[in-house]
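Step one of this worksheet: look at the structure below.
First chain written, first letter: the chains are A, B, C, D and E, and each begins at residue 1.
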């Protein structure tokens, strides 16, 4: 058989010990089985290559420098300290971590990656310099003033995954390169370099608590790395990762063959089919939200009352309910701020939030009808016609993934029921982003988060994961017809512009947000943007997703809220990597 | 009964079939079958010619060539002086091709397969009428069809025309086919083994019917058979000629009595031997050929094609192919033995290495 | 069989191969946006959590895909053709950073395994059932088997797959729901490994095998026709053994008209891997193609199409070669 | 036979004779045509349970697609409680899906699309096959025959499913007719080949030669002699092709390769499958009913294709016709 | 049949009350009707009759090989040459039948062109026959070569060929050789020459005569080609409407046909030596196996028929010790339906 089924070195001793067939066994034994990512046969760990699916496994195997938390803060993970001083961010590394191959993990390992990132395009980078102060300290200096939290956010969710033993040579080449084209050829070289899973094992290129010992297309086996500082925290010697793409997670769970699902909550609908020892362990308000974007090039959608009418006419609750059936757990946003509600307090304050315009999360057809009439629309035979008496149909573009279709379907049906004709166009996920960028649909579904962080920049980003307005230097309106300059009421929560209002430039604001000089400025700019969003409703956010994890609470003791700080991305994996999961 | 201007005159006609090469037939060797090889023949008004010969000797091919259903490789076929294939390609021929097409008809061997199984007989019979008598009304056409059907004994015609071919017996089917060709009032009908498929007891009746209609309509017949006694019956009753074919050539032709009574060609003699009679002529069980099997039509023997089987063959037959040697009264044979002064008589006999069969 | 005939078939196979490559190329050109767009689309869809900014991403993709759109189309075509034919180089996968050929070669044996498994299972059963039902024409056995076969023919194989998963893997864990190898099984020629791969392949193979069952009906039809042939009657009159008549007379002759279809059937069964492997999450060629479709990995997509064709071609070519072994008339009667 | 009184029989005389045309002729003819072409097939069908059952089921689906869509409202989310079980409530007898849409109305509203797809696919593949087959059969030996057959061979060899997947992945057809056409693309060659060989053998039949010799125009020969013989064949294959189109289209929707804008059984299955209906007893009906529909529709087509065989049989039809009866003894002898 | 007259003769087959019926949707179709017939050792018996008169069916019963779903009833007794027990053919078990067939009785039947398995070489056919009958293959093949040579075939070439590579005549002869390979007692030949050329037909008939002598065969030869038959058969059986209407030595049938049907048949047969005007055709339609014609089944077509023919079925009447016929008026037939002029003279 094909050599893709390589047996790893580690398997020789481990063979037979867990040899039950049937796609994984999460039965009472000392191995923690959980689904994640792609088969290790298809993944490689060069951080620079594109589309290599590294991200689907790397967070199990590498230490993370710092993390964002749902309350909006960014705090060190591996780092001992993360401090800001003016334009400089100082990272202090601990001294007791090791690579699997026995080398110390030093600041240089991370520095190499930072410098390569910067030197690929030194002009465009917003980093002035990275300096290796000593073996365990890096100073990172920005070109312009940046708010302290944003500077920390810059290294959040990044990994120590560029071992100097491998990447040093590329850095040297980049440093030697004199022109941009020379640098590009190094980049190209980097793009094509490969670190296969086998190499990862052979050269010991990981540094997480659990070390890869073997893999094949249907599993990756891990063993505790005894030299790791957290090794004493847990008594789970082994783990097995079942690829999400090849295993039917649900049927494994139903047959009690999994011990944990590290970043997916069990929905109520699954409860009945899952065994009792599997329980939701931790639930958090995730950073991710989803929305429908309105294309102002459509004359109807360009009208504010119509957008607001749509917000009234659809029942966000039932959209979320449909998604819940498909396994997405979440709730509709209380307020249309474009921000995840967990950071409202931090960036907006409750008074501000309370004064914002309320859009109902359940259906308010009367209110919607009122708004339509206000815009001069009339209802004929159950269908709204525009002020000229013309009928119109809105096209809605969505991706053909389960959750998206579920939500869009309900959205559509409700608009139709209200009397606004819509037509869905469903595009396979592979084509979706391409179709999206033609901006030909009137309304389109999109994630609403540009970065894996609970931070305003993650939501107010001028690309389509944020609130895309377009390049303000390119005319009056962007690709979705949203004006670069617009007037909003000066008063928070006013439904109409009274007096001269306040003229703002959302695109410019969004572009400037990441380079805000102070926390205050971040808040200031965010509030302006929130007012704009809440008033003008350029997009309609319909769900704030929840995340968390479930686990086999019968066999393992899992940390829950209060035990540890878990309100961060992928809490299950985080617990596991921290050594917080032990057998009972 | 040939008159001065023949209905059909065949002049040195050959038909060769060769494998047509496909897109990838780059290296194909030519396998040419000379189905008809340089035949000349005239068929007159109200004439009957019977063609006999072994299977595969080219009878059908010759017949179809004569009625213009098969294009000859070389030579010419003239219908009342007009070259058929020129008529087809020329703009203003003396006799339009469509007239020729109508005048030369055919009856197939298997009456069952000569009728479209999915059509009622009326449709089958109406189609040619529609084509050739477009002015006639539907009812008038029907009348003619009915009259002819009744004439051949298929009555009540009204009942028959609404049947499907499978609802008729073989003899009845053959009559319908005959009627169909007669509807066009042709000058020549090619009857290609038209009675072989019928039960022995029905053959005479069918032949009689054909001859009767021939009388009536003045049609000429080219009658193909592999059975000498049937051929003889037709030819003798109509006073026609008989032509014996062997491997693409007519090896003997003449009035029936002479060919039967006094066959010149050894092959005709063999055929005569092979046609057993109920009465008389038994006893002679010596095979009159040296080999039972016919040679491969692709690689024919040199000289006279019959020589490997001919009991009379001599060395000269191996190398030279005799021409038609006419004796008397239109009787001729392609055999040196018909010529009493030919060098053949001095040629040594073929020494047969395999030993004679007879 | 004549060398000429061989040559002709070979020529035809080459032509087909050539046409497929050309079609692939044309489709490649017809793709909206081209590879750069495709790649960007996929990376964007992977993210939602990617922190990379779009401009930078574009630059990287440009570098990575290394496309040179300035070349005239025909030059690109000729290069493509040259690479495929001369170097068996189908390009590099956009996303797997690996030569398409390597990726395919890794997956191919697995797909071959389940296809052949399915094929052997499906066709041997069909042939036997076809002959048996023909022998017992109009009996209860016949109508029973025929009904089952007709019913099976009315169910798409992927549904059979789903049903099999439901009953045999989820309700009763007789078989695994997916994958090609059990966890913790050492690779090599040991019984555990063998049993595991066979068990994993069983359900996919069964559902693919359904495709082959339609052969039972045509086999039955053929066998009934052959039963009416003189030579079978003569064989019976000659007092030959029943097994001989059933195999050498009935079986052999009834298979003849279906033989080429059988071989095309292999290709058909093999291509059904695209759906079946996805349903069973069986990492073979089919799943590779499916992933390529999902990620718009065009080089990989075209590569798999070409390989699928090559396999089909090979099967048909083998069919042609072996056909003359089972039917001596072939080289004479080609049409 | 002989007919002594008509010895003076003369061709001219029968042509000159004028008889009053029978007045009832047209009516009689019409009656006969109806009897033979409508009533007789109906009687044959009534005798053949396969045609009967197949026709009945197909008829039911046609009703679903025509009357059904008028009677039953288009489903919208929130029509009913989410995931209601089947056979619980009269308003949604088959239960509802996760949107609270009644399953039965989804099934019904998916039918027109399915039929459009089948129609387009069958017309394209059968039509194309018939044209290619007839032309190349009629021009047997000509260059055009060689070219067409080479083309056919090439297309046969390129495996259909992967090709279709590639094409649909690239063009993302949404219109059901377009989907049908795409799916038809790979279905024609096999049929074309068989049509060609049928044409070749029909051409060998003497009645075609007879028609040619009688100077019947080519169009009539094609229509009367060739197409009428091919019709049954083509119809039967049409039914089988339709089944294939259902399988493939639903499969592509099921896999999520085709964009699922409209109602489609495959889309339902996809959503249910992706929603893990297999492991969720409260959801399984969402999966089962579309599966059942696919099964029933293809089952009816398979049955029909088998029943059609006897429906097109002239002998059977003639036997069941009242107006072409003749005494039984003669009919049987020539059989 | 009158057994006394044939006492001393050696009977191979004895058929009594033989009937073959088919169930059709129109009713029961009786395609052989109550036939009694004896076949003598080493004779060549010819069976003639129009197409569909039941000749093939009758001959198939000799091997109990009537095609499905035909039902055979009555008795067919086979007397082996040595002093073995007589065998009741219709009562044989499957296994005994397999042995009986081809070892005792071989059959070359209508449509011999397709009697060979197209995918098997001719040699294979010989070998498998020998093998399945547990004969020594080498000795058997030696014998086969001999027979093939007797039939003017090149053994090596023929044995090494596939059936499609042989011409019709060669195939026919190879089949005859195959039928003789197990040295059967009786050879049943059902129109073995119908599809062949005249010359070939006649040649094969010649060869058969020689073979019969050489291998001590009893041959039953079926054809509707009467002239050919007369060159081979000692005795003729005339069938009409699924029954035997006349049996006699060949000469007796030719020159003293007693049944009006036989006479009609003789007159309808084209013959080079008979003037064309003396040929007549047989008029009327052939009978239907489902509808039993009351009385003599030939009466609707018979010029001599009267009321009694319509009512009663004529029994077999003896005309000479070797000549029997089923006609009430066989004494008047000479008068009513004279034979051809040179029919008598040609003797």
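By our rule, a contact is a pair of C-beta atoms (placed from the backbone, for glycine too) under 8 Å apart; a residue touches a chain by one contact, two chains touch by 3 or more.
As the structure is a prediction and not an experimental result, all values here were calculated from the model.
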| item | value |
| --- | --- |
| Set of chains adjacent to chain B and to chain C | D, E |
| Two chains sharing the most C-beta contacts | A-C |
| Intercentroid distance (Cα basis), chain E paired with chain A, Å | 93 |
| Distance between chain centroids, defined by C-alpha means - chain D, chain E (Å) | 50 |
| Mean-CA-position distance for chain B and chain A (Å) | 90 |
| Between chain D and chain C, distance of the C-alpha-averaged centres to the nearest whole Å | 27 |
| Sequence positions of chain C contacting 2 or more other chains | 12, 32, 165, 170, 293, 296 |
| Residues within chain E bordering two or more other chains | 283, 285-286 |
| Interface hub residues of chain A, defined as touching at least two other chains | 248, 251, 254, 428, 430-431 |
| List of chain B residues in touch with chain E within their complex | 54-55, 169, 199-206, 208, 226-230, 232-233, 236-237, 260, 270-282, 285, 287, 289, 291-294, 357 |
| Residues of chain E touching chain C in the complex | 63, 65, 67, 97-103, 106-107, 109, 111-121, 128-129, 132-133, 162, 164, 178 |
| Chain B to chain D touching residues, read off their complex | 20, 22-23, 67, 69, 98, 101-102, 104-106, 108-110, 112-120, 123, 127-128, 131-132, 137, 139-140, 143-144, 147-148, 151-153, 159, 162-164, 166-170, 172-173, 177, 180-181, 184-185, 205, 208-209, 212, 216-217 |
| Chain B partner contacts - residues on chain E that touch it in the complex | 50-51, 152, 167-170, 197-203, 205-206, 209, 224-228, 230-231, 254, 264-266, 268-274, 276, 279-283, 285-286, 340, 342-343, 346-347 |
| Residue ranges of chain D touching chain B (in the complex, touch as defined) | 1-3, 6, 9-11, 14-15, 17-19, 21-22, 25, 32, 141, 146-147, 150, 205-207, 209-217, 220, 224-225, 228-229, 314-315, 318, 323-324, 326, 330-331, 333-335 |
